[in-house]
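Have a look at these structures, which come just after this line.
Same chain, two partners: chain A is paired with chain B first, then with chain C.
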Partner chain A sequence: MATTTDSSNTSATTTTENATSKTIKIQSNDGETHEIDQGVVEQSSTIKTLSDLMDLGDVPIPLPNVKGSILTPIVEFCNYHKNDPKPEPLDDDDDDDPNKDIYEPKRSDDICEWDQNFIKRFTVQEGTLFDIIMATVGCKTIANMVRGKASSEVREMFNISYDPPGEGLNAPNAIESQAGTVPTTQDTSATGPSPQPDPMN
Partner chain B sequence: MTDASLPTLPVEVIHRIFSYCDTQTILLSIRPLCKRLYSIVNAYNLFELTLDPKSESTFPLVYRLTPSEGVVTLNILRCKSGYSRIHFFQSICDIRRFTRLRSLTMQGVTEKDLIQFFQQISTDTLTSLSIDSNEKDISKLVSHVKPAIEKFKIQKLRLHGFHHAIKHMSLSVGCALQHLEVGICHYDEYMTVLQHLPHLQTMLMKQCIMNEGMTMPLTSHSKFRSLLKSLTITDFSLSEQQLQSLISFTPTLIHLKLTAEKCRRFNSVFDGSYWEDFIRNNLPSLKKFEIFFCTGTNGVDDFAQLITRFRTPFWVEEKRWLVAWAFATWRSDDIWLYTVPIDADIGRVLHRCEISSRDGMCRLTNRHLNTMFHTTADKV
Partner chain C sequence: MNTSNYNHLNILDLPNEILVMIINKLNMADVLYSLVDVNERFNRLIFDPLYIHHLDMTINSSLDHIISIDKQISSICEIILSRIQHQIKRLTVEPHSIKPILSFNYFQLYSLSLVNFPEKILLQYFTDDLILHDLFAKQITHLNINILNKTPKEYSIVRTYFFTSILSLCKRLINLNFCYFSNQNLPVSVYNLPPPNFMSLTLTNLKIHVEIIDDCLDLLDGRLNCLSTLIIKITQISSTISNTDNIVSTILVIVL
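What follows is the complex of A and B.
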């Protein structure tokens, strides 16, 4: 999902002016219908593939996994970002940016002001933040929320109860309390790929 | 109200969130939350382990909790005073356990450390190696890097601050390097790189300087052409002729970044028309062009006129490259010319008067150079 600034948004308006003539309809799982132009279609591979494959005419494309209350802001988001410059690959023959290091951590501090205000409408308490999380901006926001927090804070933030409570696996501060008693020998059984008994218990 | 919550998200989405988090947060903050997240964290296989001043106290615990086969990146960073953490790492960790390691960064490394690490790493997945050292004589270090490049099939090599490293490396044509970063390079070292690394796509160097007694040819007379795509010089000091010669071997560049640490004499590099002609004639494939140059106030009397040379159809419509002139309000002797945005290390002070090629307006701003123009933050 693109993140950009106001200026880059306006600077690219000429690029997609021609792409706004054709419109299609999409429908949420509770029957809410939106008419979107080609600039918005281009931002969703799912909708684009469906619209390319089928000539539905006036029949809306059904989106069974999306509620109307979420589809509306998604369309708003896509409309705002439809004129963003497309991230061009530097090489026509190879999509890899020669300077891109796929093993470097991704940035999550580059959410533009509009996107930050946009995401504020979706809250953890109402659960709507998790409905919109398929967007990159949502993932970045969650990462920013939990970074450096104690597990007890994260538990409270997302209202997560222990499962099962009292068994210690997920007990508050079970891990943090061990930070001062660092073993010097390797316990390989604690780091297997499948869940193992917690080494702290 | 919905039932969605962090633990109920699809694994792919949770992994995507992890990709924006540090390992400590994933292991200490998220892993203990519930069984599902515990399981998802243990199955995650793109961990980045970093040992630095900030993480030193918790690193042993984080190391113990991290699924070893999930570690793809290991960074052992030194502190500002230069103290290396390599020995600390070796005292508590066994690098042989990282069987899927792809990227290794070691700061403050010694020859002995390098030999030991290269012997212990058993994986054939390592593709990225980044090292720097406090040692003055880097020749012995570099001599161990060359066989490691071939042993591990390294594609990305960063030798931070290693000046004239190339002459110690005896590069062979079969080398798979695609990305190379070195310190100061002699012209003949640069040519060696281009001629011996056919897969090289990206090269970064601090400086390219003439060999003593050697005259740089105006253009390449040989038929040799490199397929290099990206060239960065961080302390650019070449003349126009020297740059022309350098670039003549790499006509397929799609990214060129030239920044200068010191102030330059006010000359062609500050002229949009010069760059327009230069790029048209020499770099037809160039898609990304970044510069940061600094000069004194002598000879600069009309910002408005200077910026118009960066507002031609070539800059605005064809290439869509934005450029700005600025003078720091705290240091009035310096004038900067830079593309926007640009990642350039100019110290912490950013307050400046800026005139941009976007609209030719002058604004007061403290916007970071690595961000785009911002209509609300920049005041006319």
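What follows is the complex of A and C.
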């Protein structure tokens, strides 16, 4: 189903401002099309590169990793943030600045209120939080969800099945009971866990 | 990409670049406690030598952790450190983590950062801890000391003692940052120290906060004869401590 959405909710007030700015069209993997202005384009390196390289005219740029239901809030997010000041480039190895506090702890709780309300629309259970990460931001939210949890709780939270060394199917008694019946690649003396088939890959 | 179940993406459908971004949003202690052994893919990302070579155990205590910091550190030491100790080249510890963390042997360690240590605690470790002594004497070439104190002025003599003792104890020291990044005013005073005073035959880079310009001149008088870069804060640019009306804070970068 192909639909076209005018994503510029504030178009009435910004018509004059954007009259001369270039607009392009982008299309989700299920055919939903959005027309976006240069301020939104600048926030996506993928779209910016494609629009710089190709003169597609009225043909929309396809975004095969993004569903229409996710593309709409992404465009909304970019429209909201298009006038934000550009972040300073990160340089973790910059030891030359004598005034840089190298012990400043990393923060992931500095998400503005609008962004916090925005991200609440997406959940782990429905998978939409990962959808939005695939296309835009959300890493801080995931980091906050993980902080303080044991690895077993993280596995449960994200529905990951894996038995680390010494646990579950890799527990010594389980391995003994499997001996002779099931081939095992587990080496309990290894410094790291032995390769396990990853059910998601 | 798990295309067969596209409507219910899992965290493991995210590319490694995004997982690394999530990892980088967390303190290393959080990463080791929460993400090691989640599955083999997380282990590969976390145990990458480029990530794991700097074991940074500083924790942002302003955040409400569900579990206690001690439990987190204890779990990391019990389950994880023995698997990575041979890869650690740089180590950053706070007072709550130094004892269990230093109980492991780090063959490749060359850089040590002691962060947010009150002078009393640091003095205790400095005088009593044989492991720390051994590291200072045999391995450490890069050392950062960051002191946290509620009454900074009371411990000026202790700080000066630390500074001179570190120079004499660390036989391989090349790079020293002594209380430079502290938000507090924590100068040392090496001017007119009674013997035995300071000397180093290896130190090339020094960042330090001193009280008066005479301290700076003493640092440059040849006792640190390999010194090539000195970045220094000077509390009082005049040469007498008594003239407190003229206190100004100055930063000098001297490349020799």
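Please note the rule applied: the second predicted complex is superposed on the first by the 119 of 201 C-alpha atoms of A that agree within 3 Å, B and C clash if a C-alpha of one lies under 4 Å from a C-alpha of the other, contacts with A are read in each partner's own complex, and residues count from 1 in each chain.
Just so it is clear, contacts are C-beta pairs under 8 Å (C-beta built on N, C-alpha and C of every residue); 3 or more make two chains touch, one makes a residue touch a chain.
The structure displayed is predicted, hence computed values, not measured ones.
Asker: Would you sort A:146 into first (chain B), second (chain C), both or neither based on which partner it touches?
Answerer: Both partners.
Asker: Once the structures are superposed on A, label A:155 by its partner contacts, choosing first (chain B), second (chain C), both or neither.
Answerer: both
Asker: Quick one: chain B or chain C, who's touching more of chain A?
Answerer: It is B that touches the greater number of chain A residues.
Asker: Going by the contact rule set out at the top, does A:113 touch chain B (first), chain C (second), both, or neither?
Answerer: Only chain B is touched by A:113; chain C is not.
Asker: Touching A:80, do we find chain B (first), chain C (second), both, or neither?
Answerer: In the superposed model, A:80 contacts neither chain B nor chain C.
Asker: Could you give the residue numbers on chain A that contact chain B in one complex and chain C in the other?
Answerer: On chain A, the residues that contact chain B in one structure and chain C in the other are 98-99, 101, 103, 105-108, 126-127, 130-131, 133-134, 139-140, 142-143, 146-151, 153-155, 158-160, 162, 191-193, 195-196, 198.
Asker: If you look only at chain C, which of its residues touch chain A in the complex?
Answerer: Those in contact with chain A are residues 1-2, 6-14, 18, 21-22, 24-27, 30, 33-41, 43, 47, 58-60, 63, 65-67, 72, 75, 82-84, 86, 92, 113, 115-116, 144, 146, 180-181, 183, 207, 231, 251, 253.
Asker: Considering the complex alone, what residue numbers of chain B touch chain A?
Answerer: 1-9, 13, 16-22, 24-25, 27-36, 38-39, 42-43, 45, 48, 57-58, 60-61, 64-70, 72-73, 91-94, 97, 102-103, 128, 156, 178-179, 201-202, 229-230, 254-255, 287-288, 320, 358, 371-376
Asker: Note which residues of chain A are touching chain C in the complex, please.
Answerer: Contacts found on chain A: 65, 67, 98-103, 105-109, 124, 126-127, 130-131, 133-134, 139-140, 142-143, 146-151, 153-155, 158-160, 162, 164-165, 191-193, 195-196, 198, 200-201.
Asker: If you look only at chain A, which of its residues touch chain B in the complex?
Answerer: 4-8, 11, 85, 88, 90-91, 98-99, 101, 103, 105-108, 113, 126-128, 130-131, 133-134, 136, 139-140, 142-144, 146-151, 153-155, 158-163, 169-171, 174-176, 178-179, 182-184, 186-188, 190-196, 198-199
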